[in-house]
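Both complexes below contain chain A, partnered by chain B and then by chain C.
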Partner chain A sequence: MTLRGWLRRKRVSAKDRIQSFPARPLSNSLSENIAELQNIFTLTPDLVIRTFESSFVEGTAAIVYLTGLVDKNSINNNILRPLLKQQARGDAKILDRISVGEVTVAYDFATVEKEIFEGSCIMLVEGRNEAFVLETHGWPQRAIEEPQLEAALKGAHQGFVETAIQNIALIRRYLPNRELKIKEFLVGDRGATRVSVLYLRDVVHPEVLQEMEDRIKLIRIDTILNSGELAELIEDNPFSPFPQFMVTERPDSAASHILQGKIVVMVDRSPSVLVGPATFSAFFQSVDDYSTRWLVATFIRMLRGMAFLIATFLPAVYIALISFNYEVIPLDLILSVGESRERVPFPPLLEAMIMELTLEMLREAGVRLPAPIGQTVGIVGGIVIGQAVVQAGVVSNIMVIVVAFTAISSFIIPNSDMGAAVRLLRFLMMGLAALFGIVGIIVGLMGLIGHLIQLESLGVPYGSPLAPVRFSDWKDFFVRLPLWSMKDRPVSSRVIQSKRQGDNRPRGDGK
Partner chain B sequence: MKRYAFNELTVFQYIFLIHGAQVGIGVLSMPRELAEVAGTDGWISIILGWALAVIASLLIISIMKRYPDKTINDLLTLFFGKWLGKACIVLIALYCAVAAVTVITHTAAIINSWILSRTPGYVVTIFLAIPCYMIIQGGLRVLGRYAELIFYMTLWMPVVLMTAMPHTKWLYLLPIVKEGLGPIVTGTKSTILSFLGFELAFFLYPFLQRKQYASLGIIVANTLSMLIFLHITLFSYTFFSPDEITQYTWPTLNLWKVIEYRFLERMDIIFLAFYLFYLSTTSFPYLYFTVFSTSQMMGTVDHRKHLAIFLLLIVLALWLYTPNFIDLKKLTELWSFGGIVFGYALPALAVVPIWLLRRPSEERKA
Partner chain C sequence: MRLYGRILLLFCMVVSLTGCVDQIILEDATITLMTGIDLNEKNELIFYLSSPVFSREARLNEEEYGVKADSMRQARGRFDEMATALTLSGKIQVFVIGKKLLEHPHWFQLMDVMFRDARFSVNARVVVFDGPLAELFAFDPIDKPRLPLHLTKLIDTANQRNLTVKTRVQEFHRQMVEKGETAVLTEIKLDRAVKIMGTALLRHDGTYAGLLESRDTMLLQMFLHEREGETSMTIPLPIQDDRKKIVKDRLSFFLRGTNRDVKVSYRNNQFRFDVKLRLLVDIAERQFPFDMEKDYKKMQKMIVEELRKEFTRLVKKCQENGTDPFGFGVYARAYEYEAWKKVQDDWAAAFAKADVRFVPEVSIKSNGVIK
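What follows is the complex of A and B.
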């Protein structure tokens, strides 16, 4: 792991560049404190320092905050108004007048600075070497919406937002249980990101949890903007095409994973959470599976499995059959294929590459465009792919069918990361098929299996329940058996408490 | 002391590792080889061969049972001392290497003659070596998972073969034992090679999680292999006439040729491509235990460097010299000979002294 060592070294040297200030204590004098704060926050036009006299404090006081990060109503109504009101003081202390929920006291500038950046309001009082940290944060926020990437037909229509506290609340709504534990870490030296690890303490295996914590603690980086960045820093095999953490924006899906004994990692400012340890099969499941009837859900599961195979292998099989092993196709069929390929000047590999790349470009072009233009791309692409290309004799009709089929299949896979992995694998398989025909595909499959069976996520086998085979988990794999038959949590997530439900089998009237 | 705890195998993995190692190149040519010697009574030889294999496997288990934490390599050093033990390990590594090379060269040769007739053998071997390295570098645990998965993945093959049922004529089998017992017993000799694979229990036993199932597991593995051999052989015998069958080098492949659908012909090509999985489960354990032995002998824990060198050597050898079918046959014979020594003679000879040796120490403990 020389490469990893090299990366680590770079990261440490990056840390050395960041200047860390020694924790200076606050002084007794208000003016000195304010001067120091102004010294720290140079070129900060959004910093507000308001000094005032109040009958509740001895002398002058000041509140300091970054406008925009705070809730102004809270500051006006709950802090300033009661303090500015002329009233007999009586026995009341300063804090008794302030109607803000969370109040802490800070004694040094480092804490004060950090708290100001997090949207707290700091109150300094003349003659006191302490600062009151009033929790008033109220930064710009998005309303809770349904996640676009993981729309559910029957599930809840709530999705995570960019604030970790709200996201935790969303999960707590599903799991009001004292065993739901949340561990917080600060990751990043320049912009400390709050990373929360959520799990059920009596279910999660301590070793898996420890592994996750250790990996998060080892990170030395400027800041983490997104949970995808975190995933890339803590995953097991950085060279694998497969996602090793499940990424979801759905609170119900996250809660269901926590109940299965998995760990959810939430990154503040990111609307998607990581779920680990992930298994290969989990990427082919969706929350809707559990809210539709189990026979239907089973059918859809199998459809997805088939879609995975088609999306990975169909163009490769086409290439192999057309250019290598045409003896496998019966004569009549090969004649009709040959007829449609008559005018096509390209070898099958090139033909397939052109079409697959066109399709990928269309997809990528459509993804980031606003909806009206996106539709135009779709129409233009549809005409180009569907008709013009065939009429011009650039590719054959059958190739168009193959490409359309693979495209539809790759969109059936519910997880977009896995879909992307499949698309990459498809090109690899196409290359192998062009080199060695069917043998190439089989050897490619062998390599794929070889990779999948040794991949691990947080030290838990990724291929489970397929390899190592765990038949007890097959209830929720290719098939989705009735919910009452899944009495235990999946073995694949390595839990210490496996009972999930009692005997709930409905028996109708004849009990 | 549990040195091999990290690589523990479940009972199923143990069964399928042995079963996978048994079903390999033998299946493709077995019906012909048996028909040449024993005529249409060859299938009885398979059952006899199975009985022999089961007896030998049980002997192996009874030896390994006395030293539950040791592989055959550890045992040899224990009994013969450092240097003689090392010499024995070299022999065992050589045996495994011969087995692995035989299977790999056979694989390349079959692919070459049946599907990719214009691709040079060494190119095919280079290509095969990539997944080989990917899987074996993960160690025995990954091999076990692989063997188990492949078994389930290839379950469709005997079922599809059943669709050729209407073409079979079971009268070909009659009369049973038409030429006396002599040919049947001679035929047993040629099934010995196909049943080789159970001797891997010498290595696998210490890795097994639940050792009480070791004997049962190895019997199940042998029986599974026997059923597959029997299935293929009976089908070939009833499908081809007794004279026709000896004309094909690989009657099993010709058998698949007749299965046709309106959208698919030449099932044999697809079958053979999938058969690569079976061949891989035969060669991988032998490859692994070759490099396992050599790296253990050199005192290194990491077997990957040895694996890379070994694979490179195989590719290099095939690049310099493409073996013809006579060479392949000689290699197979060499492997059979080694297998008879290592799989049958060694346990038969070793069981008595080990039984005598261990007894007193156990009594002293009690």
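What follows is the complex of A and C.
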């Protein structure tokens, strides 16, 4: 926890830079209030202040909003129209006329300012030292689409969008349960970001939840733009190559994790949510595993495990075998390796580095390009890697195979963060292999295992269920046993209520 | 800070590892695939080496050298003076010994480095070559792959059919050191092609004692390894003794299963071994008419008799040679230790006097797919 102490110190000093406004109360005078607001919102051309007279109020009233953030239809039809056109009868209150769902009252400028920034419409009335906050959110939004990074074959084809309210709704569709609790925090001093923590109250361990809340509360920062930024501020070990929170864009995946007793953290304005505590094994699972037959899913799980090993170690093994431990290569292979290595002018490490870096460049180039150009990059890269490089004698055939294998393997890992971590580790392993051969790889492997064992996510062991061993969780680990056999929630996420289903084993016609 | 401490610790640990010094990149290595020792006319030791060459510019894909030296390690230095790159011993497939060298006892000491140096391959097949080794290493037929590969495959597949033994260096070491057993090696000869001659019998001091042809090798393997690989024997059966026939009376059978049982006793200064061999056989070929349904017992009896004769002849041959490739000494040590202790340093002599009786039991399990 020394690390967190260190972070805490830094955050306090960060706070000093940001001007904080004292909570000034509203005054009785409308003009004074408007003047104050104009004072706060200088150089804000999108601020709209409309004063009007209505029979519902004595004197003038005003509505204030930021024009892009509100739903104009709502303001025109539900606020202005009734107030301007209708005549007050009896002592009808102003609020009775406004047909907006959520209305709160604010008494100070800080709240007013915050609400305006969040897309609410503020109504100020002459002679009242209070402001009505009318919910009229209507900022630009994207339609719900299937997430590109986590496409599923059989799962739902909905992904999160940039609005937390909608995202919460997407999760609620899966979990219409009163125990699904949502705690909201405002993080960031300049752009207060609404951070929502979703969990099942009767399942999540209170200590884990408390830990998550504490960490979020400690953040002092300008603003959080993305859930990835939040993850970096609240993770356990900032120097680890491994992601310590699952990041997902899939509501069904998030709901499934909530049901497993995990906590979902949603950052407003970010289409991906954080899931914690995460375990290493969770990064190798996908929602599709549970909708395919269990034998198939088990096979795919093992494939991913193998892919992890290949992606991390294959180039390193190649280097080690070529430069130290040639005895291990079978006779026929050593001859063909020798023949294809003969023309290569570089030592094995350099050869491997060249190819792996080329591959990474191709990948990175393809990621941000529009699809048609991306394809071109793929083809050019494919020809360069596949043929020309070998023909020119820059790298060997075997190296091309190794690179192709590692590339495919690293993309098999369903979580892109984990895939990236693996791609990074590969270079470390290659270095070790070039220095010490197989011994180096073993040292790297031991280091990796040691690191995985000591790593924690929200204070819960990252290596679970392998280290510490949790046999009951192994039903959903290397293998995915049939759903009906997983009667309990995973122990790894430290749940307080473990039962999740009864005896559902299908028995066919008999009983 | 703790993290930096850990990184420092890890770094120190990694740095203190041995490495780098023994780095040899594949193309800087002359991977020895075949090596050999022989004597020339003046009884000088000559060491041979054959290694693949990976170069498009070289016209031949193999290089061979023969050097005069007093030991294998010394020979390595000589090889390095000539070979393209550093000679490595970790991938040796075939280790050839000239038959001439086998005339001299205690030549086995030459192989010391192969066991002492951990980087030496102990998986090489040990082979006796009948003729001067120079001929073998110069042999470069156009219809065969590189000679070491060709030899490796030849020995391995011949061994699968039990035409010869496959003795690797490690196993050879055991056989030489074991007091109750003598070594057996593959023997090859160069005709127009390399030909497997059978199994060379070595005495305890390493000298050449004789050759077992493929048929005897099968019997030996049957005894040593029960059922391993494929054993197919053809035996003459004396149904009618008509020598003028072109199609001779022959019966071939496959071995489906074997089980051996050795009983040891010691009486009157003589070891006696009763070997019970239970064989399950499939008839593969029968070149004479025979009513199997009625007389299969008779057939079994004939096979038993033939096998017994063969085994007895084989054992007698070994006894006369002063060898014990069967490892009867191991049985003697296990069951008659007191008696063994007295003769352990000259087991071959004791074995020559021993009484070995084979009692095969044959059971025909299949008659093929026709009647």
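The criterion applied here is as follows: the second predicted complex is superposed on the first by the 499 of 511 C-alpha atoms of A that agree within 3 Å, B and C clash if a C-alpha of one lies under 4 Å from a C-alpha of the other, contacts with A are read in each partner's own complex, and residues count from 1 in each chain.
Quick note on the criterion: a contact is a pair of C-beta atoms (placed from the backbone, for glycine too) under 8 Å apart; a residue touches a chain by one contact, two chains touch by 3 or more.
Just so it is clear, the model here is predicted, and its values are computed rather than measured.
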{"item": "Touched partner set for A:Arg201, first chain B, second chain C, both or neither", "value": "neither"}
{"item": "Which superposed partner A:Gly437 touches (first chain B, second chain C, both, neither)", "value": "both"}
{"item": "Chain B versus chain C as contact partner of A:Leu466, first or second or both or neither", "value": "first"}
{"item": "Which of chain B and chain C A:Ser323 touches, first, second, both or neither", "value": "second"}
{"item": "Touching partner for A:Arg220 - first (chain B), second (chain C), both, neither", "value": "neither"}
{"item": "First (chain B), second (chain C), both or neither touched by A:Arg50", "value": "neither"}
{"item": "Partner chain(s) touched by A:Gly447 [first = chain B, second = chain C, both, neither]", "value": "both"}
{"item": "Partner chain(s) touched by A:Arg343 [first = chain B, second = chain C, both, neither]", "value": "second"}
{"item": "Partner chain(s) touched by A:Leu333 [first = chain B, second = chain C, both, neither]", "value": "first"}
{"item": "Residues of chain A that lie at the interface with chain B and also at the interface with chain C", "value": "327, 435-437, 439-440, 443, 447"}
{"item": "Contact set on chain C toward chain A in their complex", "value": "1-3, 10, 13-14, 17-20, 22-27, 29, 31, 33, 52, 54-56, 88, 90-91, 93, 119, 121, 146, 149, 152"}
{"item": "Contact footprint of chain C on chain A as seen in their complex", "value": "2-3, 239, 322-324, 326-327, 331-332, 334-335, 337-339, 341-344, 347-348, 432, 435-437, 439-440, 443, 447"}
{"item": "Chain A residues touching chain B - in the complex, by the definition given at the top", "value": "325, 327-330, 333, 435-443, 446-447, 449-451, 453-454, 461, 463, 466-469"}
{"item": "Contacting residues of chain B [partner chain A, same complex]", "value": "10, 12-13, 111, 115-116, 119, 124, 127-128, 130-131, 134-135, 138, 142, 144-146, 148-150, 152, 260, 262-266, 269-270, 273-274, 276-277, 280"}
